[in-house]
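This report concerns only the one structure given below.
For reference, chains read A, B and C in written order, and residue numbers begin at 1 within each chain.
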Amino acid sequence: MSDTHPQHTLPQTGALSAKYRNPIFVIAAVITCLTIFTAIAAPLLVPNDPYQANLSLRLAPPSLYYPMGNDALGRCLFSRIIIGVRTSIGLGVTVVVFSCMLGVVIGLLSGFTGGFVDEVLMRITDIFFSFPEILAAMAVAGLAGPGATNLLFAVSVVSWMRYARIVRGVTLSVKEREYVKYAHLSGVSTNSIIFRHILPVNMSSVIVLATIGLAKAILAVSSLGFLGFGVQPPEPELGTLLMEGKDYIMSAPHLCLYPGLAVMFPVLSFNILGDKLQDRFGGN
Amino acid sequence: MGIFIVKRIITSLFVLLGASFLTYGMMMLAPGDAALEIAVARYGGEDRVDAETIDWIREQEGLSKPFIHQYARWLKHVVMLDLGRSMVDGAPVLSLIRQRFSRTLELVVAAISIALVVSLPLGILAGMKRGTWLDSLCASVSVIGVSMPNYWLGIILIVVFCVRLKLLPAFGRGDITHIILPSITLGTAMTAYTTKILRNAVIETRQSDFYTALKARGLGKRPVLFRHLMKNALIPVVTVIGIELGMLLEGAVITETVFAWPGIGELMVTAISNRDYPLIQGIVLFSATVFIVINFIVDMLYYFLDPRIRMT
Amino acid sequence: MTEPASYLTIKNLSVRFDLRSGPFFRKRSFFAIKDISLNIRKHDVFCLIGESGSGKSTLMWTLLGMHRFFKGEINYKGGRVERFGDSYHRRLISDAQMVFQDPVASLNPHLTLGRSIEEPMRAKKISRKTAQAAVAGLAEKTGLPADILKRKPTEASIGQNQRACIARALSVKPEILFLDEPLTALDPIVQTRVKKLLMDMKDAFGLTYFLVTHDLGFAKKIGTAVAVMYLGRIVEQAPAADFFSNPRHPYSQALLSGSLSPFVWQKERIILEGEIPSPHEPPKGCVFHPRCRNRMPVCDQIKPACRKPGKDHLVYCHMQLPDVRN
């Protein structure tokens, strides 16, 4: 009977897994997992004490006990990089969490409430968008003073807008859908409408944004570290490691090479992941 | 159509006003006493100033008044193009910025040129030969270029070309050889991004209905098809260039620090380390203004290039 | 057995939409519906017919509280709605339920059908267990197989989706059911089944229907009262039997004549000249006059008064038209 004929069939399982078998995607996924693992287990993974200075090993090239050599104070670069990964990724994740939450809340408020509130919030978003990110973050971090908290604040304050804009757009269109109007009519509470009907539709776009946002956040955090803002020595952060290393370009170039690679690979894998997710979800 | 332009101008001005408010408000973040800082900067040391001088400065600069008053006063000066004077050497902020900005602009223009020269043929070719090894190569290079930290690339280039090969100078601004490395560093991210955009635009146009219709009508010859392709693919490129101009300004900050290029980014870093508030404010406001202007121009261009926009 | 004199009555209801367009945010407005007066009795199947854009849906949405009304009165169970959204209005809304035209758009694609059906019950604070039992019962009544409840809308057929929407609407035991062209999206075989379902449900639950429809055959079969809308105004209202046997207004006649079913109209087809005008620029006088073949000079000057050719049969037309016994 035509009545029982389903409109859509489930996608073939075969086609789905073929996409995920793409080698680049696999490599990116592996690197991502490795990075997360390193970030979490960092203190357990270090072969040497990252803070232990050893002046006799000053600027030593890579060796057996010190796989990436030693820095200007003779500390093990490899160990410092591992902790640095934890710091940089940790900061990046925190930035994404804060800016995402802020952006999503503002986007939901703006899209759902509409009217004057929407206009005001959108103007505010436009104003924040008009600042070049790194420059503004620099100014904020520089003025507020050194330290991780100020760094987080600075980068989050310039990152939330892209979430707000996307979420607002999605919310505006979902709000007009008939099942949302029906829920409203049937007396479903506003909270329920937002959480059951509106938020789920936003999730795929937010996840894509957050993944690419993480890549951007790590770059931003380490760039600011490179310029001297944020986490201060002796705490290792991948950007500050490069800042320390750049004074010894001539004599010990390995100090510049490895921290940069340590930033690049996670960022690369997050970007690839984000791209693939975007292909999959078709967002933005 | 004129209405559209007027509306956009009004919006831009409003955003600019808001940006100025935030810029001035940023100063509130700084811990410590502003009057003290000014005094120290003027007289050279904390031990050289007494309480009376600090109070006098506070009166002078209106620092005890409510925030709105201070903001309004500052804004009045800004509108008359007076961005104050640097706390360090008393030089007018606006002229400092102007001077430095032209140097940053040199760098940016060089970077864009490199980026376009590389990405235009590469992106278009990748789009045409979709799915081949060339396309995959471009895609990989693209994503790597975007993921590479700016500062790191600069340093590596210095290590290779200056330290090891001793081919090019590393720091400062001088003859044309000085600009090569910084502009490559700055331009890499943009090249990567533009290549991807171009490639996608070419693919999309080739798949589009109107293009297929053109081919079906037998406009078989390459040049004609090519022309239509180009026109459509160029639209996103224009917008991307606009966005990237903004991003380049940002990337310039870091690149200038690495290569000691005397541009506006480097000025900013110095200003922050000196706690030179007027200069910091001036640079932030200036860059925001440049951003807003670029966005406005891009919107206008987009409006003119894409007839579909005019319908809305 | 006396029924309350008025159940749901609308008097001179108008809804105006403001548009922001043109330079400098000048406001332009138009009336989506104007001066509508209707009387709906309990247990009626009140059919609202008219072309697209005639304002049928707007009227429904206004009654349900989605649009503010500009002028006019809504009376429900003797209580007058003073302000949009006041307590009487809310009472009406809570006694009402809706079924829409497109079942796929009315169901959240992320929720299973079972969850969607229980949603209004959960909103009324009915416990999950009770609700789920009710859902099972409703599924049976509406002819949905039990395993369908675990599926999402895209995994079920349109007919099943629409029946889920009907089940959902019935779950909170409403008094009035507003149906906005519930059959239009369904193909003919499915339509038949859903029509039967609607008729059975009405009897089983003692519902009042407010049915917006294109399907004149269905209106004739199930309807007890009919109103015809054109460009936001009512042109004719009558009990169903009177309407279908003796439609008075030229527009009603044209509409009925357009039906393919001999059940509805046996004489020859009336073709209307011209196009339906835009609601932004309604014609002066009688809004139908540009297309009316019985046009008189007075028709473009003065709005037609209400005439009563029969008990409860109202026509808004200048001509006292001869009977067109069908």
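Criterion: a residue touches a chain if its C-beta (ideal position, glycine included) is under 8 Å from a C-beta of that chain, and two chains touch if they have at least 3 such contacts.
Note that the structure is a prediction, hence the values are computed from the model and not measured.
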Central subunit by CA centre of mass proxy: A
Interface ranked first by C-beta contact pairs: A-B
Chain separated most widely from subunit B, comparing mean CA positions: C
Whole-Å separation of chain centres (CA-atom averages), subunit A against subunit C: 51
Mean-CA-position distance for subunit C and subunit B (Å): 57
Chain centre separation in whole Å, for subunit B relative to subunit A (CA means): 22
Interface residues, subunit A side, partner subunit C - complex: 1-8, 10, 177-179, 181-183, 185-189, 192, 196-197, 200-201
Complex contacts: residues of subunit A adjacent to subunit B: 24, 123-124, 126-128, 130-136, 138-140, 142-145, 215, 219, 222-223, 226-228, 239, 242, 245-246, 249-250, 253, 256-257, 259-260, 263-264, 267-268, 271-272, 275
Subunit A contact footprint on subunit B (complex, rising order): 11, 14-16, 18-19, 21-22, 26-27, 29-31, 140, 143-144, 146-153, 155-156, 158-159, 163, 246-247, 249-251, 253-254, 257-258, 265, 268-269, 272-273, 280, 283-284, 287-288, 291-292, 295
Footprint of subunit A on subunit C - complex, ascending: 64-66, 93-94, 96-98, 100, 102, 104-108, 110-111, 116, 119-120, 122-124, 154-160, 172, 187, 189-190, 193
